[in-house]
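You will see two complexes here that share chain A, one where it goes with chain B and one where it goes with chain C.
For the complex of A and B:
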């Protein structure tokens, strides 16, 4: 049975969610709108990571670097040059993708853990440079008070700007993953030897996936600057990358929207648990362990499984 | 010439020695990480947290016992044992149930452990900077190459090789060491001849964490002991293990030497970007030899 590329039901559900999200700023207090915007940014980052890890099977341990590169590129272009702002928004994801391909060129020669280790070391190299290059990046202080263009400087317009870009990016990623390219990518993930044997250029497909994913990670970075108005080297530090990894696990690797859910849970947890306790990473750690033991497929994977099981039993009856 | 004035043989020599003594700390920590990686095939992200616990525990022990040489030796022995106890509990209570799982899950488990241990350290010791003094006979410096060199760093230069030889003797001469090495190569076979693989893993994990604690206790007199030292060491340790060859103890030594010495010469040549040098070295090594310098057990 061939599946249609766009399922009618899921299209309706996404449209519904989008409308709800578009209406939320009308009723929610400002702080919640800000948290939602932060969730959108993080969700885009997690989705882009899932493309290489979940669908590509590559251990891109240090994905946060490309988020940081996007954020820094935009911040530097807005503060140090007088070029139009839209050029910054266009250049930042492209810079991330270039960096992604450059680092990827080294990494795709290796597999699994070796891939991950080389990736993390190259990423850390970028972090170390940004951390120390005071003249350009402001070193460990970062850059604060980035002049955001007037149209999206205040919270509510920036919320819609981010929501629009997130929705558009998710749609593009969905189409890419459903395309023949996406199928080939998953085939490469599951059996690279056989793919090589039938004439698929494995490394090329992996590199293209990395380029797309790092492009969207860079886009997420620019949106982070829009929300926070500042950049700092922690954006490039490996701890953030592992956190994004957890988001994908939490939501579910092999589902499309899982990482979005994971990002929402973690960002909300950090924001609201952070209000009550300074030990929120402890809570995160415990949740993660519970998850590994009881829900290894992630929340979304678990729900999908349940749903499938139910529809199957009803159809058997 | 200006060059010869700044970079005299004495300056080069003393930076080399500083780099080597830093490499000894790195070696002790990474050999533990490498051992766990070799036997269990798990990159233990919590290794850095255990190192941090070792340093904080050494601080508390020295404070409780009131300083002096006996307190220092007690700290060097007890702090790693405390760390080993913590890791044994974590391993037997949780980790051992996951060995059949996918690799990524094990990695994420150790990450969760890192998050938890980091906050537990914050609860127990607080977020302040702590420091301890080396005992009397290791304070001050002695002239080496005509410039003063801290005695404590010389002490590290002795301890590092002692630990290396001890580990080598342990893994090549003792029964349990041989079993651990065998499990690293073929765990099914080890199980098939009637050895309880789960306990071999537990032993390897605890030994590796003991070494992390020892590294933490040894580093405590030379740095300020603080939260966040786990994040810094773990990334360095991973890179060292990778360039040395996963699971290879001598590889950990070679990697540590490269890392420590490039860092120290970086300070001499271009202080602002000193931390960049070791990363560049790693990238060069991995570009030329993607699987590390020495033979990996993987």
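For the complex of A and C:
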């Protein structure tokens, strides 16, 4: 009756994927390694968002802000202070989480769309600061040539650094989502009123989820700096937040790893279709329309459904 | 145990509950009856904190519980079920009940231990007790209507309440299911030493099960007393039982 926390097959599949990804830089040209690293960074961001959207049922419309805060925090610490780099990597996610809780404190008082609207407004404030405060953030120029620590400054080591942090973060998120907290969070998503009636402090649980999600968003932000060596206000712009939201929907927001798939699809599309036409978002639009009609549970949700129909396990979400 | 005194709640011009009073002693099985729109559900929402009364006093175990949010009232020992099946449709039956057990044990914020190893026995005991054990892994939304109602009660039991409030526990059930559910409620009350406050439309059920009955009309309390007293009351007969009793 009692299953292991992760079943053998998924463990084997994950290990297999990890090994393949670890070997890829040996055979792939540098450009593709770079794209993969970018996909990993975006995947971590999408996964962190899905924690609040897919599992928490909150319309976190402006998640990019916390990605940007993480990236800016690291970039500022590396360029403007002489503190050790690891401190920057530790401080950035914490700053994001603090900002997440601060904004969340206001947002969890509202529900559904109102939550999302308020978040867009408060998030845009943060964007405006980054965009306008030239003295600190470099304004719309951003900060370029961030001195990345030697060990991870070149592409291949940074690839492994990012892959390692992505894998570790996913493992931690998986644990959290299987924990009593994760279960309670899904219960809050499905029926907040009932949760209150069984003694659950709904807002507190939502805030904890936001804190965790924004922490990982901040971590993703630091990894972006590692890849690109620069930051710019677009990281906190709502368009990016929307894109990440779409990744969750596309991959399957009621699944665990769906957002990774969504991130891979969109980043790949932007990179490869973007070469041929600047109107690659048109392709994205068509994909989205098809998605809504044919795969409402997302690509991963669809695959899981197919797979489960054969193995007859419970389809609990 | 629970004392509601002259509680009033209006929505705009509409007086949903007007000077209602209710007394529930430990071990009682108290029924609230009244026609549709009499304010029964509103009264329960006021007790459980989903709504705030405009006037009046509500005390539980001699402590004022007005102005407490629902989750705090629940922690004081009041659990409830809802009139419309109010469950977690995407989660399994087991998880549905586990959510409230975890909440009761204050373990809902544990982050790094797998949930499937925590509060398992308590959850299974409850599922065994209400007869849903064989459906534990089913997705709750796929249960029959009757089973969803039972699950409602099971979720409420997960809180280890002293007082359990059931809002029409048998709504939409067949006569057989109704009898089974009420037998279950009575047995749970005895086995677990629960105090029960419920509302119900089926008068046979009410007069059969309840130890005390409170009658409401237009949001007002007409009378509260033993089934015999209530049955004999002229005003109740005229207002509600249609003189048939």
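Methods note: the second predicted complex is superposed on the first by the 308 of 317 C-alpha atoms of A that agree within 3 Å, B and C clash if a C-alpha of one lies under 4 Å from a C-alpha of the other, contacts with A are read in each partner's own complex, and residues count from 1 in each chain.
Definition applied: a contact is a pair of C-beta atoms (placed from the backbone, for glycine too) under 8 Å apart; a residue touches a chain by one contact, two chains touch by 3 or more.
Because the structure is a prediction, the values reported are computed rather than measured.
Per the definitions stated earlier, placing chain B and chain C onto a shared chain A by superposition produces no clash, and the two fit side by side.
When the two structures are aligned on the shared chain, A:156 is found in touch with neither chain B nor chain C. Using C-alpha centres, the superposed arrangement gives chain A a vertex angle toward chain B and chain C of 80 degrees, stated as a multiple of 10. In the superposed model, A:279 makes contact with chain B only, not with chain C. Shared-chain residue A:184: touches chain C; no touch with chain B. After overlaying the two complexes on the shared chain, residue contacts for A:125 are found with chain B alone; chain C is out of touch. Of the two partner chains placed by the overlay, neither chain B nor chain C lies in contact with A:13.
In the superposition on chain A, A:171 contacts neither chain B nor chain C.
Looking at the shared chain after the overlay, A:106 reaches chain B, while chain C stays out of its contact range.
Here the smallest spacing between CA atoms of chain B and those of chain C, following superposition, is 15 Å. Note for the complex: chain A touches chain C at residues 2-3, 5, 175-176, 178-184, 186-187, 190-191, 193-202, 204-205, 208, 254, 314-317.
The residues of chain C lying in touch with chain A in their complex are 48-50, 69-72, 74-75, 79-80, 82, 86-92, 95-96, 98-100, 102-104, 107-120, 137-139, 155-156, 158-159.
Chain contact summary for the complex, chain A toward chain B: residues 59, 106, 109-110, 112-114, 117-118, 120-122, 124-125, 128-129, 131-134, 237-239, 242, 245-246, 249, 278-279, 281-282, 284-286, 288-289, 292-293, 296.
Those residues of chain B that touch chain A in the shared complex are 43, 45, 94, 97-98, 101-105, 108-109, 111-116, 118-120, 122-123, 231, 235, 238-239, 242, 246, 272-273, 275-276, 279-280, 282-283, 286-287, 290-291, 298.
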